[in-house]
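Per-chain residue numbering starts at 1, and chain names A, B, C and D are given in the order in which the chains are listed.
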Amino acid sequence: MSERAGKQTIVSMAELETFLANEFPQAFGPGRPHTVVALGPRTATVRLDAGEDHLRPGGTVSGPSMMGLADVAVYVALLGQIGLVPLAVTTNLSINFLRKPAPGPLFADARLIKLGKRLAVGDVGLRGEGDGDLVAHCVATYSVPDRR
Amino acid sequence: MSERAGKQTIVSMAELETFLANEFPQAFGPGRPHTVVALGPRTATVRLDAGEDHLRPGGTVSGPSMMGLADVAVYVALLGQIGLVPLAVTTNLSINFLRKPAPGPLFADARLIKLGKRLAVGDVGLRGEGDGDLVAHCVATYSVPDRR
Amino acid sequence: MSERAGKQTIVSMAELETFLANEFPQAFGPGRPHTVVALGPRTATVRLDAGEDHLRPGGTVSGPSMMGLADVAVYVALLGQIGLVPLAVTTNLSINFLRKPAPGPLFADARLIKLGKRLAVGDVGLRGEGDGDLVAHCVATYSVPDRR
Amino acid sequence: MSERAGKQTIVSMAELETFLANEFPQAFGPGRPHTVVALGPRTATVRLDAGEDHLRPGGTVSGPSMMGLADVAVYVALLGQIGLVPLAVTTNLSINFLRKPAPGPLFADARLIKLGKRLAVGDVGLRGEGDGDLVAHCVATYSVPDRR
(Lines give C-alpha, C1' and ligand atoms only; values in the text may rest on other atoms or scores of the structure.)
Protein backbone atom coordinates (compact mmCIF):
# COMPACT_ATOMS: atom_id res chain seq x y z
CA MET A 1 0.00 0.00 0.00
CA SER A 2 1.38 3.39 -0.82
CA GLU A 3 1.93 5.83 2.00
CA ARG A 4 0.13 9.14 2.28
CA ALA A 5 2.65 11.80 1.49
CA GLY A 6 2.30 14.35 4.28
CA LYS A 7 3.80 13.91 7.71
CA GLN A 8 2.66 17.34 8.96
CA THR A 9 -0.23 17.71 11.38
CA ILE A 10 -3.06 19.40 9.47
CA VAL A 11 -5.37 20.00 12.44
CA SER A 12 -4.96 22.37 15.37
CA MET A 13 -5.44 21.28 18.98
CA ALA A 14 -8.44 23.59 19.31
CA GLU A 15 -10.15 22.16 16.21
CA LEU A 16 -9.48 18.68 17.47
CA GLU A 17 -10.94 19.34 20.91
CA THR A 18 -14.14 20.77 19.45
CA PHE A 19 -14.47 17.81 17.10
CA LEU A 20 -13.89 15.22 19.84
CA ALA A 21 -16.30 16.91 22.27
CA ASN A 22 -18.99 16.67 19.59
CA GLU A 23 -18.24 13.15 18.55
CA PHE A 24 -17.53 11.65 21.99
CA PRO A 25 -19.51 13.84 24.37
CA GLN A 26 -19.11 11.37 27.25
CA ALA A 27 -15.33 11.30 26.91
CA PHE A 28 -14.08 14.74 25.79
CA GLY A 29 -15.00 18.30 26.66
CA PRO A 30 -15.23 20.41 29.83
CA GLY A 31 -15.63 18.19 32.89
CA ARG A 32 -14.98 15.05 30.88
CA PRO A 33 -12.19 12.58 31.71
CA HIS A 34 -10.16 12.61 28.46
CA THR A 35 -7.85 15.42 27.29
CA VAL A 36 -5.52 15.64 24.30
CA VAL A 37 -2.23 16.83 25.81
CA ALA A 38 0.02 16.63 22.75
CA LEU A 39 -0.34 16.31 18.99
CA GLY A 40 2.65 15.95 16.68
CA PRO A 41 3.58 14.50 13.30
CA ARG A 42 2.06 11.00 13.48
CA THR A 43 1.95 11.15 17.30
CA ALA A 44 -0.54 12.07 20.00
CA THR A 45 -0.79 11.86 23.79
CA VAL A 46 -4.17 11.58 25.51
CA ARG A 47 -4.68 11.85 29.28
CA LEU A 48 -7.35 10.05 31.29
CA ASP A 49 -8.39 11.38 34.67
CA ALA A 50 -10.44 8.41 35.67
CA GLY A 51 -13.71 8.98 37.44
CA GLU A 52 -15.71 6.39 39.32
CA ASP A 53 -16.95 4.78 36.10
CA HIS A 54 -13.42 3.98 35.03
CA LEU A 55 -12.14 2.57 38.31
CA ARG A 56 -12.02 -0.92 39.70
CA PRO A 57 -12.31 -1.66 43.43
CA GLY A 58 -8.97 -0.53 44.88
CA GLY A 59 -8.84 2.58 42.74
CA THR A 60 -7.03 1.32 39.67
CA VAL A 61 -8.21 2.08 36.18
CA SER A 62 -10.25 -0.74 34.61
CA GLY A 63 -9.13 -2.74 31.60
CA PRO A 64 -11.87 -1.45 29.29
CA SER A 65 -10.97 2.13 30.22
CA MET A 66 -7.36 1.46 29.28
CA MET A 67 -8.47 -0.10 25.99
CA GLY A 68 -10.67 2.91 25.25
CA LEU A 69 -7.85 5.32 26.08
CA ALA A 70 -5.38 3.50 23.83
CA ASP A 71 -7.90 3.33 21.00
CA VAL A 72 -8.72 7.03 21.12
CA ALA A 73 -5.04 8.01 21.25
CA VAL A 74 -4.45 6.29 17.92
CA TYR A 75 -7.59 7.93 16.54
CA VAL A 76 -6.29 11.36 17.58
CA ALA A 77 -2.89 10.74 15.98
CA LEU A 78 -4.69 9.67 12.83
CA LEU A 79 -7.02 12.71 12.75
CA GLY A 80 -3.95 14.91 13.06
CA GLN A 81 -2.79 13.49 9.72
CA ILE A 82 -5.97 12.97 7.71
CA GLY A 83 -8.15 15.74 9.12
CA LEU A 84 -11.41 15.71 11.05
CA VAL A 85 -13.19 12.92 9.22
CA PRO A 86 -15.59 10.92 11.34
CA LEU A 87 -15.47 7.70 9.35
CA ALA A 88 -12.25 6.08 10.43
CA VAL A 89 -13.11 2.93 12.38
CA THR A 90 -11.04 0.53 14.45
CA THR A 91 -10.76 -2.87 12.80
CA ASN A 92 -8.30 -4.57 15.17
CA LEU A 93 -6.95 -3.83 18.62
CA SER A 94 -4.48 -5.93 20.57
CA ILE A 95 -3.40 -4.99 24.08
CA ASN A 96 -1.02 -6.42 26.66
CA PHE A 97 -1.63 -5.49 30.28
CA LEU A 98 1.80 -5.29 31.85
CA ARG A 99 1.44 -3.91 35.40
CA LYS A 100 -1.33 -2.72 37.65
CA PRO A 101 -1.51 1.08 37.24
CA ALA A 102 -0.98 3.25 40.29
CA PRO A 103 -3.89 5.56 41.23
CA GLY A 104 -3.83 8.86 39.34
CA PRO A 105 -4.03 9.95 35.73
CA LEU A 106 -3.02 7.68 32.86
CA PHE A 107 -1.33 8.81 29.65
CA ALA A 108 -1.44 7.11 26.25
CA ASP A 109 1.41 7.94 23.87
CA ALA A 110 0.41 6.92 20.34
CA ARG A 111 2.58 6.78 17.25
CA LEU A 112 1.42 5.84 13.75
CA ILE A 113 3.68 3.14 12.33
CA LYS A 114 1.70 2.94 9.10
CA LEU A 115 -0.50 5.47 7.35
CA GLY A 116 -1.69 3.88 4.14
CA LYS A 117 -4.53 4.57 1.76
CA ARG A 118 -6.79 2.00 3.40
CA LEU A 119 -5.25 1.17 6.76
CA ALA A 120 -3.43 3.01 9.52
CA VAL A 121 -1.64 1.24 12.37
CA GLY A 122 -0.71 2.84 15.67
CA ASP A 123 1.47 1.67 18.51
CA VAL A 124 0.54 2.94 21.99
CA GLY A 125 2.25 2.90 25.38
CA LEU A 126 0.16 3.54 28.49
CA ARG A 127 1.91 4.96 31.56
CA GLY A 128 1.25 6.81 34.79
CA GLU A 129 2.34 10.37 35.45
CA GLY A 130 6.11 10.81 35.32
CA ASP A 131 6.73 7.08 35.31
CA GLY A 132 8.69 5.36 32.58
CA ASP A 133 7.34 1.83 33.09
CA LEU A 134 4.48 0.99 30.76
CA VAL A 135 1.30 -0.27 32.42
CA ALA A 136 -0.01 -1.51 29.08
CA HIS A 137 1.01 -1.65 25.43
CA CYS A 138 -1.43 -1.66 22.54
CA VAL A 139 -1.44 -1.84 18.76
CA ALA A 140 -4.57 -0.72 16.90
CA THR A 141 -5.52 -0.74 13.22
CA TYR A 142 -7.96 1.73 11.69
CA SER A 143 -9.72 1.46 8.37
CA VAL A 144 -9.28 4.84 6.68
CA PRO A 145 -12.10 6.22 4.53
CA ASP A 146 -11.45 6.92 0.86
CA ARG A 147 -10.36 10.49 0.23
CA ARG A 148 -10.63 12.63 -2.84
CA MET B 1 1.43 -26.76 30.56
CA SER B 2 -0.75 -29.42 32.08
CA GLU B 3 -4.48 -28.97 31.92
CA ARG B 4 -6.66 -28.67 34.98
CA ALA B 5 -8.55 -31.92 35.28
CA GLY B 6 -12.18 -30.95 35.78
CA LYS B 7 -14.42 -29.78 32.98
CA GLN B 8 -17.48 -29.38 35.20
CA THR B 9 -18.76 -25.99 36.25
CA ILE B 10 -18.14 -25.68 40.01
CA VAL B 11 -20.10 -22.48 40.57
CA SER B 12 -23.84 -21.87 40.39
CA MET B 13 -25.37 -18.99 38.45
CA ALA B 14 -26.66 -17.45 41.69
CA GLU B 15 -23.23 -17.57 43.37
CA LEU B 16 -21.70 -16.06 40.28
CA GLU B 17 -24.17 -13.19 40.11
CA THR B 18 -23.60 -12.27 43.75
CA PHE B 19 -19.84 -12.36 43.24
CA LEU B 20 -19.92 -10.23 40.09
CA ALA B 21 -22.27 -7.64 41.62
CA ASN B 22 -19.78 -7.23 44.47
CA GLU B 23 -16.69 -7.14 42.32
CA PHE B 24 -18.05 -5.07 39.42
CA PRO B 25 -20.83 -2.99 40.99
CA GLN B 26 -21.04 -0.67 37.97
CA ALA B 27 -21.51 -3.57 35.56
CA PHE B 28 -23.50 -6.37 37.26
CA GLY B 29 -26.48 -6.45 39.61
CA PRO B 30 -30.05 -5.11 39.60
CA GLY B 31 -30.39 -2.21 37.18
CA ARG B 32 -26.92 -2.79 35.77
CA PRO B 33 -26.24 -3.41 32.07
CA HIS B 34 -24.51 -6.83 32.18
CA THR B 35 -26.20 -10.19 32.85
CA VAL B 36 -24.85 -13.73 32.76
CA VAL B 37 -27.34 -15.61 30.62
CA ALA B 38 -25.61 -18.99 30.36
CA LEU B 39 -22.82 -20.87 32.10
CA GLY B 40 -21.60 -24.26 30.93
CA PRO B 41 -18.49 -26.43 30.96
CA ARG B 42 -15.80 -24.01 29.78
CA THR B 43 -18.42 -21.71 28.24
CA ALA B 44 -20.40 -18.63 29.23
CA THR B 45 -22.70 -16.11 27.58
CA VAL B 46 -23.00 -12.55 28.90
CA ARG B 47 -25.60 -10.02 27.72
CA LEU B 48 -25.11 -6.26 27.52
CA ASP B 49 -28.12 -3.95 27.51
CA ALA B 50 -26.25 -0.83 26.64
CA GLY B 51 -27.17 2.38 28.40
CA GLU B 52 -26.18 5.86 27.33
CA ASP B 53 -22.62 5.39 28.63
CA HIS B 54 -22.04 2.50 26.27
CA LEU B 55 -23.48 4.05 23.12
CA ARG B 56 -21.92 6.02 20.32
CA PRO B 57 -23.82 8.72 18.42
CA GLY B 58 -26.28 6.79 16.24
CA GLY B 59 -27.10 4.32 18.97
CA THR B 60 -24.50 1.61 18.34
CA VAL B 61 -22.48 0.11 21.15
CA SER B 62 -18.99 1.64 21.51
CA GLY B 63 -15.78 -0.26 20.92
CA PRO B 64 -14.61 -0.12 24.56
CA SER B 65 -17.99 -1.49 25.68
CA MET B 66 -17.60 -4.41 23.28
CA MET B 67 -14.05 -5.02 24.55
CA GLY B 68 -15.29 -4.95 28.15
CA LEU B 69 -18.13 -7.33 27.34
CA ALA B 70 -15.81 -9.81 25.63
CA ASP B 71 -13.30 -9.62 28.46
CA VAL B 72 -15.88 -10.28 31.17
CA ALA B 73 -17.41 -13.20 29.24
CA VAL B 74 -14.06 -15.01 29.30
CA TYR B 75 -13.71 -14.15 32.99
CA VAL B 76 -17.12 -15.67 33.72
CA ALA B 77 -16.30 -18.86 31.79
CA LEU B 78 -13.06 -19.08 33.78
CA LEU B 79 -14.72 -18.52 37.16
CA GLY B 80 -17.12 -21.33 36.30
CA GLN B 81 -14.10 -23.64 36.18
CA ILE B 82 -11.76 -22.37 38.89
CA GLY B 83 -14.29 -20.96 41.36
CA LEU B 84 -14.90 -17.46 42.66
CA VAL B 85 -11.33 -16.25 43.00
CA PRO B 86 -10.83 -12.55 42.42
CA LEU B 87 -7.19 -12.69 41.33
CA ALA B 88 -7.39 -13.79 37.73
CA VAL B 89 -6.26 -10.88 35.54
CA THR B 90 -6.32 -10.29 31.81
CA THR B 91 -2.83 -10.27 30.32
CA ASN B 92 -3.67 -10.01 26.63
CA LEU B 93 -6.76 -9.19 24.62
CA SER B 94 -7.05 -9.06 20.85
CA ILE B 95 -10.27 -8.07 19.14
CA ASN B 96 -11.44 -7.72 15.54
CA PHE B 97 -14.40 -5.46 14.89
CA LEU B 98 -16.26 -7.06 12.00
CA ARG B 99 -19.54 -5.17 11.49
CA LYS B 100 -21.38 -2.27 13.04
CA PRO B 101 -23.79 -3.73 15.62
CA ALA B 102 -27.49 -3.07 15.20
CA PRO B 103 -29.18 -1.24 18.08
CA GLY B 104 -30.32 -3.55 20.88
CA PRO B 105 -28.66 -5.98 23.26
CA LEU B 106 -25.30 -7.59 22.52
CA PHE B 107 -24.32 -11.12 23.51
CA ALA B 108 -20.81 -12.47 24.08
CA ASP B 109 -20.38 -16.23 23.74
CA ALA B 110 -17.09 -17.27 25.37
CA ARG B 111 -15.38 -20.64 25.24
CA LEU B 112 -12.13 -21.55 27.00
CA ILE B 113 -9.70 -23.07 24.51
CA LYS B 114 -7.01 -23.51 27.14
CA LEU B 115 -7.22 -23.87 30.90
CA GLY B 116 -3.69 -24.36 32.16
CA LYS B 117 -2.02 -24.01 35.53
CA ARG B 118 -0.85 -20.49 34.77
CA LEU B 119 -2.80 -19.26 31.76
CA ALA B 120 -6.31 -19.59 30.43
CA VAL B 121 -7.30 -18.54 26.90
CA GLY B 122 -10.83 -17.81 25.77
CA ASP B 123 -12.32 -17.26 22.34
CA VAL B 124 -15.38 -14.97 22.17
CA GLY B 125 -17.94 -14.15 19.49
CA LEU B 126 -20.06 -11.02 19.89
CA ARG B 127 -23.45 -10.94 18.21
CA GLY B 128 -26.81 -9.21 18.32
CA GLU B 129 -30.03 -10.84 19.43
CA GLY B 130 -31.01 -13.80 17.25
CA ASP B 131 -28.44 -12.91 14.60
CA GLY B 132 -25.78 -15.34 13.49
CA ASP B 133 -23.33 -12.84 12.02
CA LEU B 134 -20.59 -11.86 14.45
CA VAL B 135 -20.15 -8.14 15.09
CA ALA B 136 -16.77 -8.75 16.71
CA HIS B 137 -14.45 -11.61 17.57
CA CYS B 138 -12.04 -11.59 20.49
CA VAL B 139 -9.38 -13.78 22.08
CA ALA B 140 -8.33 -13.04 25.66
CA THR B 141 -5.68 -14.55 27.92
CA TYR B 142 -5.96 -14.60 31.70
CA SER B 143 -3.19 -15.21 34.20
CA VAL B 144 -4.60 -17.73 36.67
CA PRO B 145 -3.60 -17.49 40.34
CA ASP B 146 -1.78 -20.37 41.97
CA ARG B 147 -4.16 -22.77 43.67
CA ARG B 148 -3.62 -25.18 46.54
CA MET C 1 -18.23 -2.59 5.19
CA SER C 2 -20.67 -4.43 2.97
CA GLU C 3 -20.30 -8.15 2.62
CA ARG C 4 -19.57 -9.85 -0.64
CA ALA C 5 -22.75 -11.54 -1.70
CA GLY C 6 -21.77 -15.10 -2.61
CA LYS C 7 -21.10 -17.79 -0.05
CA GLN C 8 -20.39 -20.49 -2.64
CA THR C 9 -16.90 -21.70 -3.36
CA ILE C 10 -16.00 -20.53 -6.88
CA VAL C 11 -12.79 -22.51 -7.25
CA SER C 12 -12.27 -26.25 -7.57
CA MET C 13 -9.74 -28.15 -5.48
CA ALA C 14 -7.74 -29.00 -8.61
CA GLU C 15 -7.54 -25.35 -9.73
CA LEU C 16 -6.51 -24.36 -6.24
CA GLU C 17 -3.73 -26.94 -6.04
CA THR C 18 -2.26 -25.85 -9.35
CA PHE C 19 -2.37 -22.21 -8.29
CA LEU C 20 -0.75 -22.87 -4.91
CA ALA C 21 2.00 -25.06 -6.37
CA ASN C 22 2.89 -22.17 -8.70
CA GLU C 23 2.68 -19.46 -6.12
CA PHE C 24 4.27 -21.31 -3.18
CA PRO C 25 6.51 -23.89 -4.84
CA GLN C 26 8.33 -24.66 -1.57
CA ALA C 27 5.09 -25.38 0.27
CA PHE C 28 2.58 -26.97 -2.13
CA GLY C 29 2.83 -29.55 -4.89
CA PRO C 30 4.06 -33.13 -5.24
CA GLY C 31 6.54 -33.96 -2.47
CA ARG C 32 5.82 -30.71 -0.65
CA PRO C 33 4.64 -30.58 2.97
CA HIS C 34 1.30 -28.72 2.61
CA THR C 35 -1.93 -30.16 1.19
CA VAL C 36 -5.42 -28.69 0.95
CA VAL C 37 -7.64 -31.42 2.38
CA ALA C 38 -10.99 -29.62 2.38
CA LEU C 39 -12.54 -26.53 0.84
CA GLY C 40 -16.06 -25.37 1.66
CA PRO C 41 -18.15 -22.21 1.78
CA ARG C 42 -15.89 -19.83 3.72
CA THR C 43 -13.90 -22.74 5.15
CA ALA C 44 -10.73 -24.65 4.36
CA THR C 45 -8.54 -27.28 5.98
CA VAL C 46 -4.82 -27.50 5.20
CA ARG C 47 -2.55 -30.34 6.33
CA LEU C 48 1.15 -30.04 7.16
CA ASP C 49 3.38 -33.10 7.04
CA ALA C 50 6.36 -31.52 8.65
CA GLY C 51 9.78 -32.28 7.29
CA GLU C 52 13.08 -31.58 9.00
CA ASP C 53 12.86 -27.86 8.21
CA HIS C 54 9.64 -27.52 10.17
CA LEU C 55 10.66 -29.49 13.26
CA ARG C 56 12.22 -28.44 16.53
CA PRO C 57 14.55 -30.71 18.49
CA GLY C 58 12.27 -33.39 19.96
CA GLY C 59 10.22 -33.70 16.79
CA THR C 60 7.51 -31.11 17.39
CA VAL C 61 6.49 -28.63 14.73
CA SER C 62 8.11 -25.20 15.16
CA GLY C 63 6.19 -22.03 15.94
CA PRO C 64 6.91 -20.35 12.60
CA SER C 65 5.68 -23.46 10.78
CA MET C 66 2.43 -23.32 12.74
CA MET C 67 2.07 -19.61 11.94
CA GLY C 68 2.68 -20.28 8.27
CA LEU C 69 0.16 -23.13 8.25
CA ALA C 70 -2.52 -21.00 9.91
CA ASP C 71 -1.86 -18.10 7.55
CA VAL C 72 -2.12 -20.22 4.43
CA ALA C 73 -5.33 -21.91 5.62
CA VAL C 74 -7.06 -18.52 5.81
CA TYR C 75 -5.63 -17.65 2.39
CA VAL C 76 -7.07 -20.85 0.92
CA ALA C 77 -10.51 -20.21 2.45
CA LEU C 78 -10.36 -16.70 0.99
CA LEU C 79 -9.31 -17.86 -2.49
CA GLY C 80 -12.27 -20.24 -2.45
CA GLN C 81 -14.52 -17.19 -2.21
CA ILE C 82 -12.80 -14.52 -4.29
CA GLY C 83 -11.06 -16.69 -6.89
CA LEU C 84 -7.42 -17.24 -7.72
CA VAL C 85 -6.11 -13.70 -7.32
CA PRO C 86 -2.55 -13.44 -6.11
CA LEU C 87 -2.81 -10.01 -4.52
CA ALA C 88 -4.46 -10.69 -1.19
CA VAL C 89 -1.91 -10.01 1.55
CA THR C 90 -1.90 -10.67 5.27
CA THR C 91 -2.06 -7.44 7.27
CA ASN C 92 -2.38 -8.84 10.79
CA LEU C 93 -1.94 -12.24 12.39
CA SER C 94 -2.39 -13.09 16.05
CA ILE C 95 -1.72 -16.58 17.38
CA ASN C 96 -1.96 -18.28 20.76
CA PHE C 97 0.14 -21.39 21.26
CA LEU C 98 -1.92 -23.61 23.55
CA ARG C 99 -0.17 -26.98 23.83
CA LYS C 100 2.90 -28.69 22.46
CA PRO C 101 1.81 -30.62 19.36
CA ALA C 102 2.35 -34.37 19.29
CA PRO C 103 4.59 -35.70 16.49
CA GLY C 104 2.71 -36.29 13.25
CA PRO C 105 0.72 -34.19 10.80
CA LEU C 106 -0.95 -30.93 11.81
CA PHE C 107 -4.27 -29.67 10.47
CA ALA C 108 -5.45 -26.06 10.25
CA ASP C 109 -9.22 -25.56 10.08
CA ALA C 110 -9.93 -22.02 8.83
CA ARG C 111 -13.26 -20.21 8.73
CA LEU C 112 -13.84 -16.72 7.36
CA ILE C 113 -15.70 -14.62 9.95
CA LYS C 114 -15.68 -11.55 7.73
CA LEU C 115 -15.46 -11.19 3.97
CA GLY C 116 -15.70 -7.49 3.21
CA LYS C 117 -14.81 -5.35 0.24
CA ARG C 118 -11.42 -4.43 1.68
CA LEU C 119 -10.72 -6.85 4.52
CA ALA C 120 -11.30 -10.52 5.23
CA VAL C 121 -10.82 -12.06 8.67
CA GLY C 122 -10.33 -15.75 9.34
CA ASP C 123 -10.33 -17.76 12.54
CA VAL C 124 -8.14 -20.89 12.58
CA GLY C 125 -7.79 -23.86 14.91
CA LEU C 126 -4.66 -26.01 14.68
CA ARG C 127 -4.90 -29.63 15.79
CA GLY C 128 -3.21 -32.99 15.43
CA GLU C 129 -4.71 -35.94 13.60
CA GLY C 130 -7.97 -37.11 15.15
CA ASP C 131 -7.46 -35.01 18.25
CA GLY C 132 -10.01 -32.46 19.39
CA ASP C 133 -7.71 -30.35 21.58
CA LEU C 134 -6.34 -27.33 19.77
CA VAL C 135 -2.56 -26.94 19.76
CA ALA C 136 -2.86 -23.33 18.62
CA HIS C 137 -5.53 -20.80 17.71
CA CYS C 138 -5.02 -17.97 15.26
CA VAL C 139 -6.89 -15.04 13.78
CA ALA C 140 -5.59 -13.48 10.56
CA THR C 141 -6.69 -10.45 8.52
CA TYR C 142 -6.16 -10.16 4.80
CA SER C 143 -6.35 -7.04 2.69
CA VAL C 144 -8.46 -7.95 -0.34
CA PRO C 145 -7.64 -6.41 -3.73
CA ASP C 146 -10.24 -4.27 -5.47
CA ARG C 147 -12.35 -6.28 -7.87
CA ARG C 148 -14.24 -5.25 -10.97
CA MET D 1 3.42 -9.67 38.81
CA SER D 2 6.67 -8.58 40.38
CA GLU D 3 9.52 -7.69 38.08
CA ARG D 4 12.81 -9.53 38.05
CA ALA D 5 15.37 -7.27 39.65
CA GLY D 6 18.30 -7.26 37.25
CA LYS D 7 18.41 -5.26 34.06
CA GLN D 8 21.96 -6.32 33.15
CA THR D 9 22.66 -8.81 30.40
CA ILE D 10 24.01 -11.97 32.06
CA VAL D 11 25.01 -13.82 28.90
CA SER D 12 27.81 -13.06 26.45
CA MET D 13 27.28 -12.93 22.70
CA ALA D 14 29.58 -15.94 22.25
CA GLU D 15 27.66 -18.05 24.80
CA LEU D 16 24.42 -17.06 23.16
CA GLU D 17 25.59 -18.00 19.68
CA THR D 18 26.73 -21.43 20.81
CA PHE D 19 23.44 -22.01 22.59
CA LEU D 20 21.33 -20.92 19.62
CA ALA D 21 23.34 -22.99 17.13
CA ASN D 22 22.65 -26.04 19.30
CA GLU D 23 19.02 -25.33 19.91
CA PHE D 24 18.08 -24.06 16.43
CA PRO D 25 20.59 -25.73 14.12
CA GLN D 26 18.58 -24.81 11.00
CA ALA D 27 18.53 -21.12 11.94
CA PHE D 28 21.78 -20.20 13.72
CA GLY D 29 25.42 -21.11 13.25
CA PRO D 30 27.98 -20.94 10.45
CA GLY D 31 26.25 -20.78 7.07
CA ARG D 32 22.84 -20.31 8.67
CA PRO D 33 20.58 -17.35 7.91
CA HIS D 34 20.14 -15.83 11.41
CA THR D 35 22.76 -13.84 13.33
CA VAL D 36 22.57 -12.00 16.63
CA VAL D 37 24.01 -8.57 15.87
CA ALA D 38 23.37 -6.79 19.17
CA LEU D 39 22.48 -7.70 22.74
CA GLY D 40 21.80 -5.10 25.40
CA PRO D 41 19.86 -4.64 28.61
CA ARG D 42 16.41 -5.96 27.68
CA THR D 43 17.15 -5.49 23.97
CA ALA D 44 18.44 -7.58 21.07
CA THR D 45 18.80 -7.25 17.32
CA VAL D 46 18.76 -10.32 15.07
CA ARG D 47 19.59 -10.26 11.35
CA LEU D 48 18.09 -12.53 8.70
CA ASP D 49 19.92 -13.10 5.44
CA ALA D 50 17.12 -14.85 3.69
CA GLY D 51 17.90 -17.86 1.55
CA GLU D 52 15.60 -19.43 -1.00
CA ASP D 53 13.48 -21.09 1.72
CA HIS D 54 12.58 -17.72 3.18
CA LEU D 55 11.73 -15.91 -0.03
CA ARG D 56 8.50 -15.45 -1.89
CA PRO D 57 8.34 -15.15 -5.68
CA GLY D 58 9.73 -11.67 -6.42
CA GLY D 59 12.48 -11.98 -3.83
CA THR D 60 10.77 -10.59 -0.74
CA VAL D 61 10.97 -12.34 2.60
CA SER D 62 7.91 -14.49 3.38
CA GLY D 63 5.49 -13.76 6.20
CA PRO D 64 6.37 -16.88 8.21
CA SER D 65 10.06 -15.97 7.98
CA MET D 66 9.30 -12.52 9.37
CA MET D 67 7.23 -14.06 12.16
CA GLY D 68 10.05 -16.44 13.00
CA LEU D 69 12.60 -13.63 12.99
CA ALA D 70 10.49 -11.47 15.31
CA ASP D 71 9.85 -14.38 17.64
CA VAL D 72 13.52 -15.31 17.95
CA ALA D 73 14.56 -11.69 18.55
CA VAL D 74 12.34 -11.53 21.63
CA TYR D 75 13.71 -14.91 22.74
CA VAL D 76 17.28 -13.61 22.44
CA ALA D 77 16.48 -10.46 24.43
CA LEU D 78 14.90 -12.69 27.08
CA LEU D 79 17.84 -15.12 27.24
CA GLY D 80 20.11 -12.11 27.75
CA GLN D 81 18.21 -11.43 30.98
CA ILE D 82 17.34 -14.85 32.37
CA GLY D 83 20.27 -16.90 31.05
CA LEU D 84 20.48 -19.82 28.68
CA VAL D 85 17.43 -21.76 29.77
CA PRO D 86 15.74 -23.74 27.03
CA LEU D 87 12.24 -23.79 28.50
CA ALA D 88 10.86 -20.38 27.69
CA VAL D 89 8.04 -20.81 25.18
CA THR D 90 6.03 -18.35 23.12
CA THR D 91 2.42 -18.20 24.26
CA ASN D 92 1.15 -15.36 22.08
CA LEU D 93 2.42 -13.52 19.03
CA SER D 94 0.69 -10.71 17.19
CA ILE D 95 2.17 -9.16 14.08
CA ASN D 96 1.20 -6.37 11.71
CA PHE D 97 2.67 -6.45 8.22
CA LEU D 98 3.16 -2.82 7.25
CA ARG D 99 5.05 -2.71 3.94
CA LYS D 100 6.57 -5.14 1.49
CA PRO D 101 10.24 -5.52 2.45
CA ALA D 102 12.88 -4.62 -0.11
CA PRO D 103 15.25 -7.42 -1.14
CA GLY D 104 18.22 -7.79 1.20
CA PRO D 105 18.74 -8.56 4.88
CA LEU D 106 16.05 -7.93 7.48
CA PHE D 107 16.70 -6.78 11.05
CA ALA D 108 14.49 -7.35 14.09
CA ASP D 109 14.97 -4.91 16.97
CA ALA D 110 13.40 -6.41 20.11
CA ARG D 111 12.84 -4.72 23.46
CA LEU D 112 11.33 -6.36 26.53
CA ILE D 113 8.49 -4.24 27.86
CA LYS D 114 7.76 -6.67 30.68
CA LEU D 115 9.96 -9.21 32.44
CA GLY D 116 7.86 -10.80 35.14
CA LYS D 117 8.13 -14.00 37.13
CA ARG D 118 5.82 -15.87 34.79
CA LEU D 119 5.54 -13.83 31.62
CA ALA D 120 7.82 -11.68 29.49
CA VAL D 121 6.54 -9.42 26.72
CA GLY D 122 8.64 -8.06 23.88
CA ASP D 123 7.95 -5.43 21.27
CA VAL D 124 9.74 -5.87 17.92
CA GLY D 125 10.24 -3.68 14.89
CA LEU D 126 11.34 -5.29 11.61
CA ARG D 127 13.24 -3.15 9.11
CA GLY D 128 15.56 -3.37 6.14
CA GLU D 129 19.20 -2.34 6.20
CA GLY D 130 19.67 1.34 7.01
CA ASP D 131 15.98 2.09 6.54
CA GLY D 132 13.89 3.67 9.23
CA ASP D 133 10.47 2.57 7.99
CA LEU D 134 9.24 -0.57 9.67
CA VAL D 135 8.20 -3.42 7.39
CA ALA D 136 6.43 -5.18 10.25
CA HIS D 137 5.74 -4.71 13.94
CA CYS D 138 5.25 -7.56 16.39
CA VAL D 139 4.49 -8.14 20.05
CA ALA D 140 5.26 -11.55 21.55
CA THR D 141 4.66 -13.05 24.99
CA TYR D 142 6.83 -15.78 26.47
CA SER D 143 6.02 -18.00 29.40
CA VAL D 144 9.11 -17.95 31.62
CA PRO D 145 10.12 -21.11 33.49
CA ASP D 146 10.24 -21.07 37.28
CA ARG D 147 13.67 -20.22 38.59
CA ARG D 148 15.32 -21.07 41.89
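As a working rule, a contact is a pair of C-beta atoms (placed from the backbone, for glycine too) under 8 Å apart; a residue touches a chain by one contact, two chains touch by 3 or more.
All values derive from a computational prediction rather than experimental measurement.
Mostly identical positions are employed by chain B and chain C in their mutual contact, as over half of the interface residue numbers are shared between these two copies. Farthest chain from chain D (centres taken as the mean of C-alpha atoms): B. Measuring from the averaged C-alpha position of chain A to that of chain B gives a distance of 24 Å. The distance from the centre of chain B to the centre of chain C, each centre being the mean of the chain's C-alpha atoms, comes to 28 Å. Put simply, the C-alpha centre of chain B and that of chain D have 33 angstrom between them.
For chain A, the set of residues touching two or more other chains reads 1, 91-92, 94, 96, 141.
On chain A, the positions that touch chain B within their shared complex are 23-24, 26, 52-53, 56-57, 62-65, 67-68, 71, 89-97. The residues of chain D lying in touch with chain B in their complex are 1, 91-92, 94, 118-119, 141, 143. By the touch criterion given at the top, residues 1, 94, 96, 98-99, 113-114, 121, 123, 125, 134, 137, 139, 141 of chain B touch chain C in their complex.
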